[in-house]
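Input: structures, listed below.
Next come two complexes built around chain A: one with chain B, the other with chain C.
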Partner chain A sequence: MLDTALSLNDLRFLMLGAGWTLLITAISVTAGTLLGVLFGVARAQTPVWVSLPIGFVLDIFRSVPLLIQLVLFNSFIPILGLRATPFSVSCLVLALYTSAYCSEIVRGGVAAVPQTTRRAARSLGMTWGQDMVEIVFPLALRVMFPSWIGLTLGVMKDTALVAWIGVIELLKSSQILITRMPSEPLFILGIAGLIYFLISFPISRLGARLERKWREND
Partner chain B sequence: MIEIENVRKSFGQLEVLKGVSLAVDRGEVVSVIGGSGSGKSTLLMCINGLEPIDSGRILVDGVEVHARSTDLNKLRRKIGIVFQQWNAFPHLTVLENTTLALRKVLGKSRAEADAIAIKQLEHVGLQDKLKVFPGKLSGGQQQRMAIARALAMSPSYMLFDEVTSALDPQLVGEVLDTMRLLADEGMTMIVVTHEMGFAREVSNRVAFFKDGLIHEIGTPKQIFEQPQRPETAEFLGSVL
Partner chain C sequence: MNYTFHWRPAFRALPEMLAGSLVTLQIAVLSMVIGIAIAVLLAVMTGSKSRWLRGIAGTWIEVARNTPALFQIYIAYFGLGQIGIHLDSYLALLAGITFNNAGYLAETFRGGLRAVPQTQVRAARSLGFGPIAAFRLIVLPQLFRAVFHPMTNQMVWAILMTSLGVVVGVNTDLTGVTQELNVRTFRTFEYFAIAAVLYYLIAKVVTLGARLIAWRLFRY
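This part shows the complex of A and B:
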């Protein structure tokens, strides 16, 4: 068998890290998506003087490297006199980062719904909100979904960066193990990589399956 | 009754309606004919408030469409409109397309809405397609579905915006037959159309539209046989 110093306990330690990775991903993708829908609809449906400033702020989150955002937030929040754990800072930054990308996906999805279809809905007496909920979102979802799956997978992998501010997620746990077993970095990183893959793969399969199901009706 | 009084509307520099007036009584079928881009379709969009107007006014049963106090969503229940592009909701089946507004706008239960929708879909000959998604229908079938969807709301008025223009020629007949049926049942209709045969046979009055104005309006007999204006004669000469 494989000759390694890695014990079952170490593996358990890695899985714990993977658990944090999953938790941070789940929280930031959920919050980021909700915010992203809000910002995206605002960007698609409000006058320029509302949508432009929103777009500008979101652009900042999209264009500054995530690592810098994490470090800045982690340093500035205590300066502002607020207390936050590295975990909550990570979730906050990743959620904002997700929302910035998600808002663009939503904006594009909403814009892709033909104006004529929406007119048909309004002509039947449906309100703006009913049109949004019954027509625009279901149709936009098909356009947005592949990009959103891509975003989710991206954010999941980007959670590795929060190791930098001291959250012991999957990458940080493997680094800790490597420090203890300096002769086996490749093996340990290989296992960490495999765990990342095992998290990603079902998400992307699920995405592909849903897409196929929707296409059958078109 | 629908009363259109001296309505003007511009898109940017382009004035598409230049003072249009028209009154349509209950039970009347008025066809609007004229060249493409003459503002006919815009006029229909203005009648149910999908487009704002610059001046003049439009009254539907005495309610001013563009008044600030008018609840457009409520007013639109009275006015069915069918568009050139058939505009099915592609994520919903034929039945769901037809019941959506019944349930969401009129607050009908699913059973009630289904009953009304099935009756209307039978009316337009789509009773076999209830569970089918619009993508699987022909253009003519989609257009008939759009008519049933509008009729399900039991509107007092139906507006048709070149509903056969985007259809293959062999599918035009089925849609016109449906509209003929409606006219026979006494529905009040404003029909923007290029189908001169339909305008001539089915309408009570025909309006000739050109450059944002109604140049002439009269019975089909007057318009088609003794047009008074040279523009009308010229247009009819080019299409007949």
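This part shows the complex of A and C:
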């Protein structure tokens, strides 16, 4: 029944693609989270004339298809006279995309900390920075973490689009194999899908469990 | 920077791109309507007593949520051909997005169903409602109210997802039209910038429209 032309080498090729998928995810989520925390705190804590423009720009990243963003950046960087590999363009775009969503999560997390708690912290003589690090951050973390896991998995799945500007990640590798072995697309795609699933499913379950557990303690 | 922008020819293609926007909206709306119907079914199935029904619904939801949307479109386009179902790129895109929508919305509806107390159904039944009438007249309106906002988000997602059609060769939607223009002229940045603005406007109009509808429907 399992009569397939797929060799061990092809499987290794798919795994290599999965490696690229994970690498792009890791880089863009790390950079995007750092930026997102910055933007999110800025949106929650600065006067309207600062937070509104930031919010507007970040909203664009959430309202334009990622594919279009990738193509736009990929064509704009040479216009500026710079050179960048498709890999770095992908990481840049995905990092900005992540930061746009992450800033919303952070803003929500900061807003979820009661004003009274923060005022109490400031009355005890804590500086704004201490209040942020010692009071707001630990309390907001439980609100933010489950959504952040969801965001990370979303970005992992969205890396499938970077193939369009020429990065050979997991889904593109499977497509290349299909072009070579056109008789068994379901089997090859099935393996690729299984790899995505095996990465995503356990982590999303963990996120859901943490969310439930932390809600019970409230 | 020694690149000259050529906006004039790009703006001349605006009618073509607007026609593409309509196709984009059409695919998104179709995928939402069919997706919502399937999602209600899946949400009810997850609460069923039959292990088979629960298994099917659970598998659908988890696969839809844990694999990329593009992968789901690929399955519809490349994969289904192997078992004798040949979809053209438009239908494959529609099938992929509908599958994805149904999975995400089913999870939303499941949460929404939990928000409607079981006691209300029992009250309706004891007042003489049949099981279907109780669901349609008592549960569904409250469910709709609880899931309206997430449904709006999913609609915006569906619009953004339609752009993936170009990867399997759809050339009538906004991204497809833009790509055709791009291949003809190599003015990538200009055309895709206009497409980005159009997508932004579509997303904003849909969000605003949904907010108006919500304000009109849920005033009491």
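Operating definition for what follows: the second predicted complex is superposed on the first by the 203 of 218 C-alpha atoms of A that agree within 3 Å, B and C clash if a C-alpha of one lies under 4 Å from a C-alpha of the other, contacts with A are read in each partner's own complex, and residues count from 1 in each chain.
Here is the rule we use: a residue touches a chain if its C-beta (ideal position, glycine included) is under 8 Å from a C-beta of that chain, and two chains touch if they have at least 3 such contacts.
Note that the coordinates shown come from a computational prediction; the quantities given were computed from them, not determined experimentally.
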Partner chain in contact with A:164 - chain B first, chain C second, else both or neither: second
First (chain B), second (chain C), both or neither touched by A:48: neither
Chain B versus chain C as contact partner of A:138, first or second or both or neither: first
Contact breadth on chain A, by residue count: chain C or chain B: C
Touched partner set for A:184, first chain B, second chain C, both or neither: second
Partner chain in contact with A:68 - chain B first, chain C second, else both or neither: second
Partner chain(s) touched by A:117 [first = chain B, second = chain C, both, neither]: first
Partner chain(s) touched by A:8 [first = chain B, second = chain C, both, neither]: neither
Which superposed partner A:126 touches (first chain B, second chain C, both, neither): first
Chain C-contacting residues of chain A that also contact chain B: none
Residue ranges of chain A touching chain C (in the complex, touch as defined): 60, 63-69, 71-72, 74-76, 78-81, 153, 157-161, 163-164, 171, 174-175, 178, 183-186, 189-190, 192-193, 196-197, 200-201, 204
Complex interface listing, chain C residues touching chain A: 1-3, 62-63, 65-71, 74-75, 78-83, 156, 160-164, 166-167, 175, 188-189, 192-193, 195-196, 199-200, 203-204
Chain B-facing residues of chain A, complex: 114, 116-117, 119-127, 130, 134-135, 138-139, 142, 217-218
Complex interface listing, chain B residues touching chain A: 45, 48, 50, 73-74, 76-77, 79-81, 83, 85, 87, 89-91, 100-101, 104-105, 133, 135, 146, 149-150, 153
